[in-house]
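Both complexes below contain subunit A, partnered by subunit B and then by subunit C.
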Partner chain A sequence: MSDTRIVADRVSKWYGKVVGINDFTVSIGPGVTGLLGPNGAGKSTFIKLLVGALRPSKGKLEVLDQQIWGNRRLLTRIGYCPEHDGIYEDLTGREFVTFMARLAGMSPPEAAERAEAVLEQMGLGKAAHRLLREYSKGMRQRAKLAQALVHDPELLLFDEPLTGCDPLARAQITQMIKTAGQAGKIVIVSSHILHEIESMTSEIVLLYKGQVLAEGNIYRIRDMIDEHPHQIRVECDRPRELGQQLVLSPEIRAVEFPDEGTLVLETHQPDACYPLIPKLALAAGIKIRSLTSPDNNLQAVFEYLTQKRGPQGVARPAGLSPGPSGGEPRARQSAQDGTRGRAA
Partner chain B sequence: MTQGTVSGLSAMRQIASMSLRRARRGRMLWLSVAILALMVGSAVVSLVSGRGGLDFFDGMLDLMLRYLAPLVMLLHGASAVSEEVQARTITYLFSRPIPRWSLPMGKFGAAVVLGLVLLLTAAAATYFITMIGEPGALLPELGSLWRGLLAAALAVLLFGALATAFGTMVTGYSFVAALFYLLIVEVGLALAPGWLKVVAMTVHLRVVAGLYHPSTTLYMADPKLDPTISVAVLLTVTLLWLGVALTWVSSSEYRTDK
Partner chain C sequence: MGIRDLGYKRYDGKLLPHRSRYRVLIRRALSLAWGSGLMKTTLILGMFPPVICGVYIFLKHQAIQYLARSPQAPLQLDDPGSLVFTCIYWCQIWFAFVISLLAAAPSISEDVRTGAFQFYFARPVSRNHYLVGKVAPAAILVLISAVAPTLLLAVLRVGLSQTSSEAWSSTRWIVGTLAYGPVYALVLTVPPVALSSLGRRSGSLQGVWATVFFVTWLLGEGIAAGTDLPYTALLSIPTCLRLVGQLIYGLPLVYDLPWYLPAAVLAGLVGLSAFVLLRRLNRVEVFS
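What follows is the complex of A and B.
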């Protein structure tokens, strides 16, 4: 395993008055790291900064221990698959990948050999002679990935790599990404679809509005979430009655009734709440139909940290300080709305 | 893998080769062929109608140097970087260890190869078709052809460089921007009286081809221009346009997000 890392220290990128990423601090090591965030979060901007296509407006960005902007030697060690669908429509798959291999500095025979191998690996061996304009979206995506892999780089940057892929291609690409991560390469994968990232890695960087919202292991981020208002959704026959009972407990922070027959609790102590709810319901003779937590998966974590936290959409977990992470998860920027009241 | 950075010349060669391959499969090549076929077709018509000869060839060459050469080179060169930005394929190229200048230079190289093949072939074909009607003058007037071919080659270089510069600086509607420039400077100023017309490169091309005949009016006289100096001017301006393109591409960020 290489010790080299990607270190962004308070990096900002502005497009005129538009902020691409802002005060972005993150540290990424070998293995697969998922960049997770909604559209416009700054994922692609960060990846373009990493590949030297954009110059940081501010801050320091080191890729494999070197400055990247204007450092073309470093590009021999980077493979990049962009998020867009742009491709050389009038080249064949073989011509495209061979051309990119040649531009990576390979000799003609080596480029041809590697192009064949990587096209085969991506399942495009039989379609290599066809023009790229004749490829399906999934095939184009695999051709884009093939050109990123052809020179066997140490750092792989995949921007939305599963876009347009069918289930089989998704499985192949996911496996390829995991294998590259296990081989000690630094693999950065962006997506706005949470289960895609979840299927590849548990190491994530959450982005929102150009800022790092949190980074680290998804399970540690879950721990972090547990220190914060955690939602439990209860479907029962007398939700208001149960709510009145629950609101008296110190563990419950707020109670909501989103619709008839449903009660949503907010708590800082989910572990204490899960036994308390059935206990009180049993005592009052209330029938519980379901008891779920929207926070049980990555989607919930993401939504929790972003969309459900008011105008800024960002939560700040208490006790976690911002700064380069050496492994501890962290989050920053707060805009807790606190609009929900306690049940009367 | 043992690859290192790629030399500028090697990258340029790769990009030029790829551009030529794509041009062979694209429509622009056939559009250029069609434009130049009109010139050759006119020569055939002139031959059939018995109005051929050196004067006709000079007229066709003048048309080529003033309008057809700029148009053909714009078709092939004005998309230098802009095409890559529009199609977003520039992200692949700039993620490779190549010097940035190799992109416009590779595109320029491809445009020049195509331009030379097309324009020189068209000029030579026009000459021989036109002169078939005057077999006795075919060889004695070969000097006109050589001067015409030299002027056509310089036109390819000059307008290729100009198109590359516009294609590098203007990422949207670069063809229109370059065409606008040509209409004002090359067409407009070439018609201006007196020394103002030396700004138009088509005037220098016509000097090289032996087609420039200064006229004197009551108020103003056209400048007398030397072919050697015109060649130097044309080559210098070509290098200036290329310098603009290379400087621009080396310092620019090209955004591909819409």
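What follows is the complex of A and C.
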């Protein structure tokens, strides 16, 4: 199988005065790699640099062991599925994918044959004759994926591939991506949703504000969430009474009452807390209206990671390599400093 | 409902050389153009004037032959071959203009509007591929609608010749059409394609092209005809095209102007358009 790699060495890209990505160093090998980051983190910029649609302002970028910028012939080995639609509405699904196969260099009969096969694989076989303007969002997404796959590239770049897809389509696309990775292709998938990436791969590159925050195993992210004081928001009819009950348990670190009828807990052991809350509420006859976790999301992890950075750079949980670029150190002001009220 | 096996089926075929992209892009654009009902109608209607001109040339030629054999005083008639230029300029220019409006003026703006650029960028398509893929299909359609039927008229004129010397002198209509055709096609396609690179609203750009074409025509031709200022005719794109055509076919120029001026105006127009087009595409980062 191919040993080729993607190597970004201190790559930066500026759009005028706006930074797209900054001092970006990363190495990616065969298999599926998730680009994970909130909106504006630089995921799409990095993918566009990889496909040669943007020129790096600084640094060196090698794709499949070659410089990608200005090397348009290399694009026969790359399949790119952009985030946004940009499809000729007057083409049928079959015509669109065949056209893209022809642009990749396939002969007419081979392009037609491959387009048919890929559309069938993507579940669009029966809709191949329909105009793209008649496709649903999920079908258009699959058509875009089909054009990326049709010429059997070594490197697949999928920018937010699950956007707009229904659960079945998500499962199909996720399976396809995993299979491609297992087949030895280099597959890069971007998303801002943790569980989407988690369903495809355990290898991730964390991006934040145009920088690589960390790269490595996704399960450490989960651990970080657990290490991070976890907030649980409970809306119920007697929050103070429930708070009194909860604060006695060792799992609860702090309790606060942001408004009437709401209770916010902090814990390091969310798995233990989630069953405990309804149990205590049931025993006390308290009616719970909702139980949510306001910070069980990627943004919280990014904030946590960026806050953990010291002057030497990013925090280094086991299994994750730090990003090469240091961020601005920020004082950590979460629950440890006791600024929040404790229930008496 | 089960989850399909979406595993890869490896492609083992060969990829065609990069020059094949020219053909792919041109064929795709022609195929899209042919899919438009308006385009089909224009191309079909565009066949009628040359047919009518062909019949007229035939009848006039017969009349000349008849009169030549007549014992009465010979009645002089013009060479019916002059109808070749009349056909390509006065008749076919309308159809060619509609084609330039439909196929050239929205060609790049549609890619910008739909975001189709991102798909071109992700394939081994160079700036030259892209440029040729936009200009050539429109030019081919103009050639098909305006130049090819005129060429057939010129061939008809040669075919009607009674003597070898007449046939030889009539070949100038064929040579003229072959020389004039590319000029005609370039003038009617490169400027609107350049215009289409300046925005994303196809309708507005089509309107601008129509305005440029007709307003300059009315102004230039109107002032030149109504006053003693023939140089104002150079303001008009169609009039310059007419003067260059008369020059190529060896016909007297309708305005008393140095022969090279209309040619220079058209060359400047096409050159400026090409410059704008290249400059705009250079701003697209992937092509720079």
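Heads up, the rule we're going with is that the second predicted complex is superposed on the first by the 220 of 344 C-alpha atoms of A that agree within 3 Å, B and C clash if a C-alpha of one lies under 4 Å from a C-alpha of the other, contacts with A are read in each partner's own complex, and residues count from 1 in each chain.
As a working rule, contacts are C-beta pairs under 8 Å (C-beta built on N, C-alpha and C of every residue); 3 or more make two chains touch, one makes a residue touch a chain.
This one's a predicted model, so the numbers in the text were calculated from it and none came from an experiment.
S.K.: Could you check whether subunit B and subunit C clash or fit when both are placed on subunit A?
M.R.: The answer is clash.
S.K.: For A:Ala272, using the defined touch cut-off, is the partner it touches subunit B, subunit C, both, or neither? Pick first, second, both or neither.
M.R.: After superposing on A, A:Ala272 lies clear of both subunit B and subunit C.
S.K.: Check the contacts made with subunit A and report whether subunit B or subunit C touches more of its residues.
M.R.: C
S.K.: Give one of first, second, both or neither to describe whether A:Arg55 is in contact with subunit B, with subunit C, with both, or with none.
M.R.: A:Arg55 sits against subunit B and subunit C alike.
S.K.: Quick check on the superposed pair: does A:Ile193 touch subunit B, subunit C, both, or neither? Answer first, second, both or neither.
M.R.: Neither partner.
S.K.: Which partner does A:Thr179 contact after superposing on A: first (subunit B), second (subunit C), both, neither?
M.R.: Touch partner of A:Thr179: subunit C, not subunit B.
S.K.: Look at A:Met122 in the shared chain and tell me whether it touches subunit B only, subunit C only, both, or neither; answer first, second, both or neither.
M.R.: It touches subunit C, and subunit B stays clear.
S.K.: Is A:Tyr88 in contact with subunit B, with subunit C, with both, or with neither (first, second, both, neither)?
M.R.: A:Tyr88 sits against subunit B and subunit C alike.
S.K.: By the touch definition at the top of the document, which applies to A:Arg73: first (subunit B), second (subunit C), both, or neither?
M.R.: A:Arg73 contacts both subunit B and subunit C.
S.K.: Answer with first, second, both or neither: which of subunit B and subunit C does A:Leu282 touch in the superposed model?
M.R.: neither
S.K.: Run through 26-34, 62-70, 152-160 or 170-178 for subunit C and report the one that clashes with subunit B in the overlay.
M.R.: 26-34
S.K.: Touching subunit B and also subunit C: which subunit A residues?
M.R.: On subunit A, the residues that contact subunit B in one structure and subunit C in the other are 51-55, 72-76, 78-80, 82, 84-91, 99-100, 102-106, 114, 147, 151-152.
S.K.: Under the definition above, what is the set of subunit A residues touching subunit B in their complex?
M.R.: Residues 15, 44, 48, 51-55, 72-76, 78-80, 82, 84-91, 95, 99-100, 102-106, 114, 131, 147, 151-152 of subunit A touch subunit B in their complex.
S.K.: Taking the touch rule as given, give the residues of subunit A at its contact with subunit C in the complex, in rising order.
M.R.: For this pair, the touching residues of subunit A are 51-55, 72-76, 78-80, 82, 84-91, 99-100, 102-107, 110, 114, 117, 121-123, 147-149, 151-152, 168, 171-173, 175-176, 179-180, 183, 185.
S.K.: Across the complex, what residues on subunit B touch subunit A?
M.R.: 1, 3-6, 11, 14-15, 18, 21-22, 25-26, 87-89, 91-99, 253-257
S.K.: Residues of subunit C touching subunit A in their complex?
M.R.: Checking each residue of subunit C against subunit A gives 1, 3-11, 13-18, 20-21, 24-25, 28, 32, 35, 114-126, 285-286, 288.
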